[in-house]
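Going by the order they are written in, the chains are A, B, C and D; count residues from 1 in each one.
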Amino acid sequence: MNAGLILDAAKAARVRALFNSMGAVHALSMRLDAMKVGRVTASMPIGEAVTQQNGTVHAGLTAALADTAGGLAAATLAPVEDNVLAVEFKINLLATAFGDRLRADASVVRGGRTITVCEIDVFAETAGKPDRHVARMQQTVIRVPPRAG
Amino acid sequence: MNAGLILDAAKAARVRALFNSMGAVHALSMRLDAMKVGRVTASMPIGEAVTQQNGTVHAGLTAALADTAGGLAAATLAPVEDNVLAVEFKINLLATAFGDRLRADASVVRGGRTITVCEIDVFAETAGKPDRHVARMQQTVIRVPPRAG
Amino acid sequence: MNAGLILDAAKAARVRALFNSMGAVHALSMRLDAMKVGRVTASMPIGEAVTQQNGTVHAGLTAALADTAGGLAAATLAPVEDNVLAVEFKINLLATAFGDRLRADASVVRGGRTITVCEIDVFAETAGKPDRHVARMQQTVIRVPPRAG
Amino acid sequence: MNAGLILDAAKAARVRALFNSMGAVHALSMRLDAMKVGRVTASMPIGEAVTQQNGTVHAGLTAALADTAGGLAAATLAPVEDNVLAVEFKINLLATAFGDRLRADASVVRGGRTITVCEIDVFAETAGKPDRHVARMQQTVIRVPPRAG
């Protein structure tokens, strides 16, 4: 799948359009930081709106960022006219997440014609400190071609 | 574990306090609808802020609601002084989620001294229509006792 | 999907043929105990060959039984000419498994045209004792139609 | 956690003893190929006893190998007196598995005092051909200290 190569312009535009079309992306101020073939990095600020009981990032919102990055990584390999939808995902929370930003690095483990499997590592970034690895997701995405007209 | 019985007042207060202490709960306007021993129902309105590309609810925000309800269901069985944290969860998205509200029904499958396993079913509610079953989560929660002083 | 109804003869024959065609089924002496629309029960004896370090059933072999029952439950809903394959599954081990037999009760949570989601509960049976709930699996199955000739 | 370093003799003996104490290991002719701090490779021959309907390796038995390797990788980091048990795992089947042997490469993603998270990649090996990546597992293991006497 030529993982890591530069995306062609049409695919890059498609991935960016997908990202921008999500209401949750804007509500959470997510940013699409980087994309290559089979790889996407997205991030969001850590603020009050994404916390759980102990002031650290809510496991579910960590999942929302990771799921977004993974779906887009799958989209880098799909025909531009296809939709991509998460069938399921599983996430382990590895450490409490706090700091300035949360970053998700997604990469495709296996890209198939129908099913794509991604892994996503989530890191908490704090100015002046090393990144902390806070979550790992394994995600299954399905391509949905447009219906025949 | 006497699943389904009424919670005693101290436990109910603890679960409600946990819920209210989460920033994400307020940001997403989540509501704690019901709680019994081993069971919690929570819901949130479906609006622009929780959508993904096709205008349906973002898989990650569906997960955020389900994870919240499951963690609280685990808390109904834990000592009030313990914290409860998601170790991991896995969610299958069963159908596109749209409508007025999203509701998560969480119940404890197995409550242990350290590890609690929950299942959470998520439904999309639309006025005048039957509920749609949109997701199923299986979640692992760990109890964290307060540190010895 | 008429869950729980009696399977028609062609579908029942198909499910039984699938079961019997698996080498692992014979190696582990699995038994197909019951099948209805969307539901399958399978079991296997607990012996030395399926144990892990503490003499209880190996988590992986518990998974093998559960995965088999789930795949067959999905097959009860698929066209008889389709193959059914596990895309992925997730299993929680709820209690140590020991006794005479291990039984997996599989049911379809959501049957779609391409993707079927099953849940499988695994119980350890011991003569004269109540069943013990030892595992819960959530499984994603894909239908693979025969290739056009 | 010094991942990749050589195991000290006591730990290596402990991991080997755990492996050899599992009945399933012998029934499936599993082999412990390599171990370092936080990493274990195990393999088994592909034969009739591990197949599913299409003659390829049964998803459940692929999981059994991967789960075994992951549990042992977790054990390389645990005190020798502790037991290690799978809390849960999730596996994606990436490609049909056939050939001579199945190999699982397990590594610890995050080792904690109570919970260890592993990832395990499974490859099918055929003489004279490149390895095929057939499965990816994400696994949660818990350490169980010996009971106070």
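Heads up, the rule we're going with is that a residue touches a chain if its C-beta (ideal position, glycine included) is under 8 Å from a C-beta of that chain, and two chains touch if they have at least 3 such contacts.
Bear in mind that the values here come from a model prediction, so they are computed numbers and not experimental data.
Undergrad: If you tally the C-beta contacts for B-D and for A-D, which one comes out higher?
TA: Output for the comparison: A-D.
Undergrad: Determine the centre-to-centre distance between chain C and chain D, using the mean Cα coordinates as centres, and give it in whole Å.
TA: So the centroids are 23 Å from each other.
Undergrad: Round to the nearest whole Å and give the separation of the Cα centres of chain A and chain D.
TA: Taking the mean C-alpha position of each chain, the two centres sit 28 Å apart.
Undergrad: Roughly how many whole angstrom separate the Cα centroids of chain B and chain D?
TA: 33
Undergrad: Among all residues of chain A, which ones touch two or more of the remaining chains?
TA: Residues 87-88, 90, 92, 117, 140.
Undergrad: So what shape is it, when you link every pair of chains that touch: line, ring, star, complete or other?
TA: Basically all the chains touch each other, so complete.
Undergrad: Can you list the residues on chain C that touch chain D in the complex?
TA: 18, 21-24, 26-27, 47-54, 58-61, 63-68, 71, 83, 85-93
Undergrad: Spell out the part of chain B that touches chain C in their complex, as residue ranges.
TA: Touching chain C: residues 90, 92, 94-95, 109-110, 117, 119, 133, 136, 138, 140 of chain B.
Undergrad: Under the touch definition given earlier, write down the residues of chain B that touch chain D in their complex.
TA: 87-88, 90, 114-115, 117, 140, 142
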